[in-house]
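What follows is a set of structures for review.
Presented sequentially are two complexes of subunit A, the first with subunit B as partner and the second with subunit C.
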Partner chain A sequence: MSLLAVSNLTKHYRRGGKTVIAVDDVSFHIEPGETLALAGPSGSGKSTIARLVLRLIEPDAGAIEFEDNDFLALGGAALRARRARLQTVFQDPLAAFNPRATVAHVLDDPLRIHGIASRSERPHRIAALLERVGLAADLAPRAIHEISGGQRQRVAIARAIATKPSLIVLDEAVSALDVSVRGQILDLLLDLQRQERIAYLFISHDLGVVRAVSHRVILLDAGRIAESGDARAVIDAPQSAIGKALVAAAPRLKRTTQDAS
Partner chain B sequence: MSALASIRDLTVTYRRDGNAVAALRNISLDIVAGERLAIIGESGSGKSTLALAIAGLLPASSAVAGRIEWSGLGRTPLLGRDIGFVFQDPSASLDPVMTIGKQIAEVARTHLGLTWSQAYAKAKTLLERVRLPDPDSALHAFPHQLSGGQKQRVAIAAAIAAGPKLLIADEATSALDTIVQAEIVALIRRLVAEDGMTLLFISHDIALAAELAERIAVFRHGQLVELGATAQIVDAPTQAYTRTLLDAHIGLDAAPLLNRAGLPA
Partner chain C sequence: MSPLRRFLRTPEAVAGAILLAALIAMALIAPLLFPGDPQAIAGPALLPPFQDWSLPLGTDRLGRDVLAELFHGARTSLAVGLAAAAAALAIGAVVGTLAGFAGGLVDEVLMRITDAFQTVPSFLLALAFVSVVGPSLGIVVAAIALGTWTGPARVARAEVLSIRERDYVASARAIGMHPLEIAFREVLPNALPPVLAMSSVIVAAAILTEAALSFLGLGDPNRVTWGGMIAEGRAVLRTAPFLSIVPGIALVLTVLGVYLAGEGVVETTAVRRSLS
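Coming up: the complex of A and B.
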């Protein structure tokens, strides 16, 4: 059984009297420890799929099976328990917090809400989580507005892994980071995947990054799957019109002398 | 190679919460008339501060030392007339309650001394030049009726309306998706060539900058790390930091970071 199986997912929006088909009959699956990327132009439905999978919004049609449960049928305590297994990190994930909130507070929430650790255990858990994402434990009392963008993204990842998820939805999670920091965050994500067998639904408009970190890719165009398959095979030789356009538009750095590194 | 502008020992300090933040330190560089010069660097490196200093847009909370000489212009530049400025967020430069035609016409009227009807005719020509679909109806449209890429086309039309010598684009394509970004970069390249403008292209994306610019200046922590021809910066950087930026780029030909072992088939 797949970790996540999405079938015939459809989502419409009504806007100014017109109907926008944000997601149109989309089906895919993700295996444990796998990275599936969603790529496509802006407005192609990537974030809507992410929100549907996270059950932040409800589809008009389709089914979502997660860890062998009919995810759309879950409610109440069962849904809450299953949600611990399905986490998310997006572009500026700590923006929703009061900037004066501390790192410890941000990490305490999931541990408390999901009953993962008692009050007395939590400081130790928080220290361990910080260490797991490559941060010093003494960052805990700092306010999130005092730490750097890269550190904030590590805290967001720590928050996501606090509940031991099997799947993390990453919606443009590395897009706003400086390139030097981005490489470190990608390394951290891949390391977590290897250690904990976490699967990722990796959403990015950057095909270079998608190709480097994903097993498979789905290219979306106007809410529909235009093309899918092995990430390198698809991006190296796209067949769909949108795939060709995306590859043609990606900026290229033409270096003639290049380090082996 | 005559300089449009010569920047000498430019230091810009912002005051915030009683602290002084040195955003630019002792920057000296020439902007060559007619060139496409890229300014690259990571966030906070001072790129926007340099753009604002050149455009005369620094906030009152800043202290400036050093000078900018406009030998290629022969006068103190006026924003709008001599310098066109395109920001990352087109909404920042477009008035949400004014029609697109009027916004562009106003620039032409103010700086070129045209009548309203001449200015509107000019606005229509500009909307055609930036390849906005259906320029006639776009004249009467409001910014919110356009997509992000279309708004950026309008912002570019307004920026070049008075025929400036220098066009500054500060992360002008960073909020757009890859396909729209490539279209806007192609548009900027064409307009700069057609009008003989000098381009200051500011970007955090070294690959994008290298595709468009003839010279690249690398900034870090408010300092100019390295300045050279694009081929030299990309192929033979003299500074370790430039090499770090180049190596951090993940292109379509990058080695996969992913270790595929261990994944179930």
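Coming up: the complex of A and C.
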């Protein structure tokens, strides 16, 4: 069985009398330890799928199976407990943290909520998590707004892995970072995947990054799957119109794929 | 420039702070300066001010020391004003946060209740409440809070509605935090600044409401209040106007001081926030 199996997922939004079909009959699956990328132009429904999979919003139709359970059937305390296994890292690490929080505080939350460590153990766990994501343990007492963007995204990753999830949804998680920092964060993600066998739902509009880190890719267009398959195969030779347009619009990618061929 | 220095450069704010400091000082030293019951008879009745230096502001109809009453009245005004405002802000913040964060039916019901409270003039509400339950300090505080929590509730709700869409709230849900913890620990503290910014107006209004209730004889009978003093003096308004004028001036200066100092704080900190 797949780790995550999404079938016929559909989500509409009503705005000013008009109905926007943000996600239209989308099905896919993710295997343990695999990276599945969702790529597509802005507004194609990538973030909506991420929010649906995370149960931050509810679908209009479709099913989500996670770890062999009907994920949509969960509610209340059962859902909150299961969330430990399905984590997320947002695009803007500053917006994703309470503006008053400290590093220790945001890492303490998942450990406390899921009863992973007692109060006295938690400072050690927090230090270990910080070290795991390549940060110094003495960063713990600092305020979130005091540290750099790259450090913040590492803290976000530490928070996501605190509960030992099997799947992490990364919605444009590296898009806001400088190119050099982006490479380091991607390396960290790949390293975590190798060590802990975490699967990623990797959302990005940057096909170059997608090609570098993903096993498989789904290209979305206006809420529908336009094309899917092996990440390199799809990006090197896109079949769909949107795939060709996306590849053509990525100059950096064109060069690397030409170099490769 | 630090907010404190900016505050000190605003003349209204400084004037307000001085008035407020004087009021607090009066309230604090009242039992030291005038030990014993301020409602006890201290001399001949209706002694005018500045006649006898042991009774600088003279005496009232029953021969009570007006200056002692004034100092003890400051205690009541300040205590009631602060307690009522704190209660109103707390109720408003909690109701507004629940309504804004829960949305749906909870929001609908809480906002209907807020509407209902808001349509009744807050003074009438306080009046009715004290008339029914009976006057005591706690009841007066509750009565005033009952009529003033709706403003903070609306402001808190509006703020929560915008905060709950932020990523950090989604992030808190995604790690499995309980909705009540998200509402009160993650959202509420960040929704507080605009709610707290209302506190000077609310404290000032609460002090006035308390005075009005006391004036109507609905204050705590065991405490000296400025409203009660004004009501007392009204009977002899022609012959001894100072009995009403003295507490009246104290009331005006207090309300002015609270308002100016509060606005000064809001203004100087708001500027800092918009600059950073």
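Heads up, the rule we're going with is that the second predicted complex is superposed on the first by the 245 of 261 C-alpha atoms of A that agree within 3 Å, B and C clash if a C-alpha of one lies under 4 Å from a C-alpha of the other, contacts with A are read in each partner's own complex, and residues count from 1 in each chain.
Quick note on the criterion: a residue touches a chain if its C-beta (ideal position, glycine included) is under 8 Å from a C-beta of that chain, and two chains touch if they have at least 3 such contacts.
What you are looking at is a predicted structure, and each value in this text was computed from that prediction instead of being measured.
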Regarding the shared-chain residue A:R154, is it in contact with subunit B (first), subunit C (second), both, or neither? neither
For A:I235 in the superposed arrangement: first (subunit B), second (subunit C), both or neither? first
In the overlay, answer first, second, both or neither for which of subunit B and subunit C A:P110 touches. second
Does subunit A have more residues touched by subunit B or by subunit C? B
Touching A:L54 in the superposition: subunit B (first), subunit C (second), both, neither? second
Determine, under the contact definition given at the top, whether A:T163 touches first (subunit B), second (subunit C), both, or neither. second
Does the superposition put A:T88 against subunit B (first), subunit C (second), both, or neither? second
Residue positions on subunit A within touch of subunit C in the complex are 51, 54, 56, 79-81, 83-84, 87-88, 90, 92, 95-100, 109-110, 113-114, 159, 163
Inside the complex, what are the residues of subunit C that reach subunit A? 166-168, 170-178, 186, 189-190
Under the stated contact criterion, what part of subunit A meets subunit B in this complex? 31-35, 41-42, 149, 178-180, 182-183, 186-187, 190, 194, 205-209, 211-215, 232, 235-236, 245-257, 259, 261
Per the contact definition, I'd like the list of subunit B residues that touch subunit A in the complex. 42-43, 148, 176-183, 204-208, 210-211, 234-236, 243-252, 254-260, 262-264
